[in-house]
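Multiple structures are listed underneath, in structure tokens.
Common to both upcoming complexes is subunit A, partnered first by subunit B, then by subunit C.
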Partner chain A sequence: MAESDEEVDVLVQRVVKDITNALKRNPNIDEIGVIPCPEARYNRSPIVLAENKLGIESWCVKFLLPYVHNKLLLYRQRKHWVDRQALVDITCTLLLLNPDFTTAWNIRKELLQNGVLNPEKDLYLGKLALTKFPKSPETWIHRRWVLQQILHTFSDANHKKNEQGEREQANAVRSQQLSDHLARTLHQEMNVCSDAASRYPSNYNAWSHRVWVLQHMAKGNIKVFHDELSSMRLWVSMHVSDHSGFHYRQFLLNELITELCRASASTTWLAQQQSSTVSNSSLHQHSCTERNGELSGADTASEEERQFSLPTVLQLFLQEMELCSDLIQSFPGHETLWSHRRHIFFLWHQWRTEHQHNCHSKGENVPVDVSDGNPGMLVQSSVGQGESVNCKTHASEPMEVDTGLLPDPHDSKRLKRGVLPSCPPSLPSEHSFVSIILESCCNYEQRRFALAYKKWLGTVIGLQG
Partner chain B sequence: MGTQLKDVIIKPDAPSTLLLDKHADYIAAYGSKKDDYEYTLSEYLRMSGIYWGLTVMDLMDQLPRMNQQEITDFIKACQHECGGISASIGHDPHLLYTLSAVQILCLYESLDAIDVDKVVEYVKGLQQEDGSFAGDKWGEIDTRFSFCAVATLALLGKMDMINVDKAVEFVLSCMNFDGGFGCRPGSESHAGQIYCCTGFLSLTGQLHQLNADLLGWWLCERQLPSGGLNGRPEKLPDVCYSWWVLASLKIIGRIHWIDKAKLRMFILACQDEETGGFADRPGDMVDPFHTLFGVAGLSLLGDERVKAVNPVLCMPEDVLQRIGLQPDLLS
Partner chain C sequence: MKLYSLSVIFKGATKANLLKAAYDLSSFSFFQRSSVQEFMTFTSALIVERTSQGTRASVKEQEYLCHVYVRNDNLGAVVIADTEYPQRVCFTLLDKVLEEFSRQVDSIDWPSGSPETINYKALDIHLSKYQNPREADAMTKVQAELDETKIILHNTMESLLERGEKLDDLVAKSEHLGNQSKAFYKTARKQNSCCEIM
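Let's look at the complex of A and B:
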């Protein structure tokens, strides 16, 4: 057992080295943890590597942490010199044990700016720290900073390319590489977020990071948002209490609807993404890319695409409400599900109001009848038999272009048959949903949430008219 | 089929009276008995830790038991060339700890210990074009930092040094359909962020921009059968969320919308009768953070054994009266 200062010094330096070597030797380490072990055994290293898991025996942490902590602070106060490699190693050990130590991340930011570290290395360190501390706010904050650096590199490269003219083949290759790199980074971030979300329920920091990543790396990219919505479906169904996961779905829907409506109102939502966001072409090689090709240079979307997005929006709402109803009935008494219902119905109500208004103001026909009083009419009008309510081109054409965008093959089949999954939401249909729950369910919490929803419909939605 | 309700059950023998002397002893002893390891783990937030301890001592009228000289010297040593203040010596400056330091110095009436003009410059320099505030020079954006910025400047009487209109515009862009706020535009509503944003709107005189009924509705739904409040749907009740939700309700004039007696019972049950101090939930380990928010919550609920607390700045009302700051509240 180390007791004297010198002994601690030797011990700690050895452990820091062991951690560094373990990470070097095995680039596939995917989780860290502290192994409960009150006493040192057999003069063996307290660093254990097994099946890509890196463990630190607990007895050494109480020596290790204060030592690396103090060393770093002495360096920060310029009282003690530490060379760059030692800084990399010390901050690594420190952050794996105490990832909210902001100043240690800041030192790594400086090392990154000086080219001593590369961004991928730091994203990896953060990923490991999150396996033990999935909420750690400072780790998420540092990730965003590193991602910003990557985005800057990307947009600088794009800028240079534009300056030099596009004919140089080398630039095109380089640009494609960067674009692929960005797509991989985006994919990796989604995985890091999913992992952290599974380790801690309603992980605010993980989910708000995920929102940030999409806002900064995939802005306006309908395909990415669609894929996210689709891949989240199973996750939320298995995490019916995770309010943050459902909020993320709400965010995705809202963004998708905004984008689709913008596309419908004017221009080229299919056009390739510019600047520093992940482009469609770098992520997906199928339908979207083809359409990008067709549309390149065109300033406005074709009539077909203009018309196409409105039923898609409607379809998104219907599917979401159906999912929500299923979950509420399968898992009674979850506030998260009822809160989700409020949000979706609110979004729908808002969209419907705005959409009606826009169409009227432009002197167009309202493509779907969205009046509250007659949900049955909507079922008829929205897809399939559109002509009766003046939405001729909606009827069948959308289905042709739909396949690349609608995530669920089951649902697109339904679409092709022209059958909607259920009635579109309306105030009366929502009230009748509540009545069915109240009549059929004796779960106290479920009834409480149903009554609260009813009150919310009457007060918040009712007062808006 | 039974649903597992996410709540706690308060045992009949849980504490039900306020153990003020125990809490004062707990805070007075905190810090002196810490071993290396524990101290190291939380040093990155030391300045806020001191603010929590001193504020709760002042609310209990026990501030003289703390070492004023040592603390002001420490704060002085934490101010950096840029004007910002760090959590501890050798750490990097940040808005979070700059606000904590200014709050402490207001309690002690000793703002002259630091270079106030430089603090103002630091805060001003962190405002972005869109009105938001970065937490430090590395640029992370969060509505928490908007609150820290205006709270610091309000305490220093220098609100006019920033672009308040732009700052308000950014905070309002983080408002959600449920009347709540998240950390950035598009982020989920969260009681802690709501507290920051309602506090921000109070300090900037913009409370009329809130949908107080809608927000009040969401906040009231945080109360669970145990009486405790959570910070988001289906999370456990927690003494610190009791403060953030309660303070927000107070700011928007809707504190009577929740069951105050039940909340009081919950907070009291989170005391540790042996060690003193409050925990997040009954039976858990106590800490200074939850001790402040427990006592401050009881103050907002009208407990006359502690001083009146200001819901916006979480500081004793008499301190704010002394410096002539009276943030808006809705009635």
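Let's look at the complex of A and C:
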């Protein structure tokens, strides 16, 4: 075993070289790990590669880490010169073992700005580090910095395009490439977040990164948000106590509802599209055009989309409440589910209040008939459609009222699945849900959460309404 | 919610005999999987050893819950799940597995059998099917049949041990655990007490 300074020096250089070579030769490495192994065995490299996983035997870590730490700090204090390639290799080794070492990430930021490193490489390094340290805040922070660099290049390229009108064709190809690249990056980020979230329960860092990515790379892109919401459905059903996962779902819902309302408020969907692209940065212009490309029917469907967006909002709330009730009943005693319910009901309550307010302020004499006090809400199964009518009327389409009375496609789907059609959530319906739980369940925790929810309904919602 | 292992174990006069096991260790880091598997086997056998005939118990160990059922004929089964996974479904699964196993494997083979000699292949299928408890069996169907109050709950593994016995000693003595697993156990212990880099 290496003990003297010289021996450590040789060992560390060898390990750093081995890791660098392993990563170079196997671009498909998708996980790193430390292999518990207190003593060095034979004269073998402590770097192990198996099935695209890179392992480091634990005995060498205690030599490796202090050595590379020191070297980097000395370089930082300008007491010791390290050439660029060595910096790349050392920071890589160090960050795989201790990704929260900010100085190393900062050195890589400089290397990236000098063009020594490319952003993809750093995203990849971060992804590997996250397989061992799925929470590592510094890794997530660095990741966002790198993504911002990519976004900058993207918007720069777009500016150039606008300036040089004559080379339009070449630019169109180039910008298509860029937007493809951006779509790939977005997809990759979602995968990295999912992976980290399943490696560590309630991984707040991973979920808030996911929120950031959507806000910066897919703002206003209803399709992406919709896809996320449906792909998250199974995940939350399998992680009923992961509060961070549910919080992400709440974020998605909130964004979708805001977007859908915005869409229905403007006179035409297309005009709204254009105005948003003008007001937003040129980056968003691309995500929007790309979206239209993907959804070939988006333009033709825009008219319908506008009319149906308010019922869609209602549909979103209904489905979310249904999912929540189902999970609460299937998995008793998880506080996360109950606080999700609070959030959804609060969001719904707020949306309805605002919506009513908008109606009156616009001077339309069609009140949105979704008041809490209406007891008919509980028994009338057609109320859901009745409201759709009102919502549509709000979108000033009186001629379309009749179509609202036709069975809603979503409703018929629900009926096929054998689930009763739901009424829009209301205070009485929430109270009756709580009563059903209290009557049927003897799980202590579940009863406690149900009572707390009841109290919350009375104090928070009751006082507002 | 996740199920990590499902094993059928015979409770012999002095020690437990593993008959068949299935694992789903995909959520563990690649280089830990073999150690984790050894530990799950070790823990499952220990729990069956310390559980008396005709009882159901749930043992909490860190973020895991080990559910055990040892029947009156000394045939036992253990499922290791996370704390999110519904307990009732685990016991339904154990009942089902034991019933099926005793139908397919002759009881003469129980005391001396081993995973290599026992011919019972359904464990892997059950384990993957029950990963999503709602798709496995209608959860509600069996709920009423199981009297939850009769399930013994242990808050730590230590509470299964006898006076003066220590888990660390049992780990050190175990023949089932390799050196790497024992090292893994030590680091895991250390990590619990203070934050270290590895």
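Keep in mind that, in the parts below, the second predicted complex is superposed on the first by the 372 of 465 C-alpha atoms of A that agree within 3 Å, B and C clash if a C-alpha of one lies under 4 Å from a C-alpha of the other, contacts with A are read in each partner's own complex, and residues count from 1 in each chain.
As a convention for this text, a contact is a pair of C-beta atoms (placed from the backbone, for glycine too) under 8 Å apart; a residue touches a chain by one contact, two chains touch by 3 or more.
Predicted, not measured: the structure shown is a model, and the values here were computed from it.
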item	value
Contacts of A:S330 with subunit B and subunit C, given as first, second, both or neither	second
Which superposed partner A:L347 touches (first subunit B, second subunit C, both, neither)	first
Which superposed partner A:S244 touches (first subunit B, second subunit C, both, neither)	first
Contacts of A:L65 with subunit B and subunit C, given as first, second, both or neither	both
First (subunit B), second (subunit C), both or neither touched by A:R76	first
Which superposed partner A:T93 touches (first subunit B, second subunit C, both, neither)	neither
Which superposed partner A:T139 touches (first subunit B, second subunit C, both, neither)	neither
Partner chain(s) touched by A:T185 [first = subunit B, second = subunit C, both, neither]	neither
Subunit A: partner with more touched residues, subunit B or subunit C	B
Where subunit A meets both subunit C and subunit B, residue numbers	61, 65, 98, 241, 334
Subunit C residues within the subunit A interface of the complex	1-2, 27, 29-32, 35, 63, 83-84, 86, 131-134, 139, 180, 183-184, 186-187, 197-198
Contact set on subunit A toward subunit C in their complex	31, 33-38, 48, 50-51, 53, 55, 58, 61, 65, 97-98, 131-132, 198-199, 201, 237-241, 330-331, 334
Residue ranges of subunit A touching subunit B (in the complex, touch as defined)	61-62, 65-66, 69-70, 73-74, 76-77, 98, 100-103, 106, 109, 138, 141, 144-145, 148, 202, 204, 207-208, 211-212, 215, 241-244, 247, 251, 254-255, 332-336, 339, 342-343, 346-347, 350, 443, 445-446, 452, 456, 460
In the complex with subunit A, residue positions of subunit B that touch it	1-3, 5-6, 36-37, 40-41, 43-45, 86-87, 89-92, 94, 135, 138-140, 177-178, 182-184, 186-188, 190, 214, 217, 221, 232-235
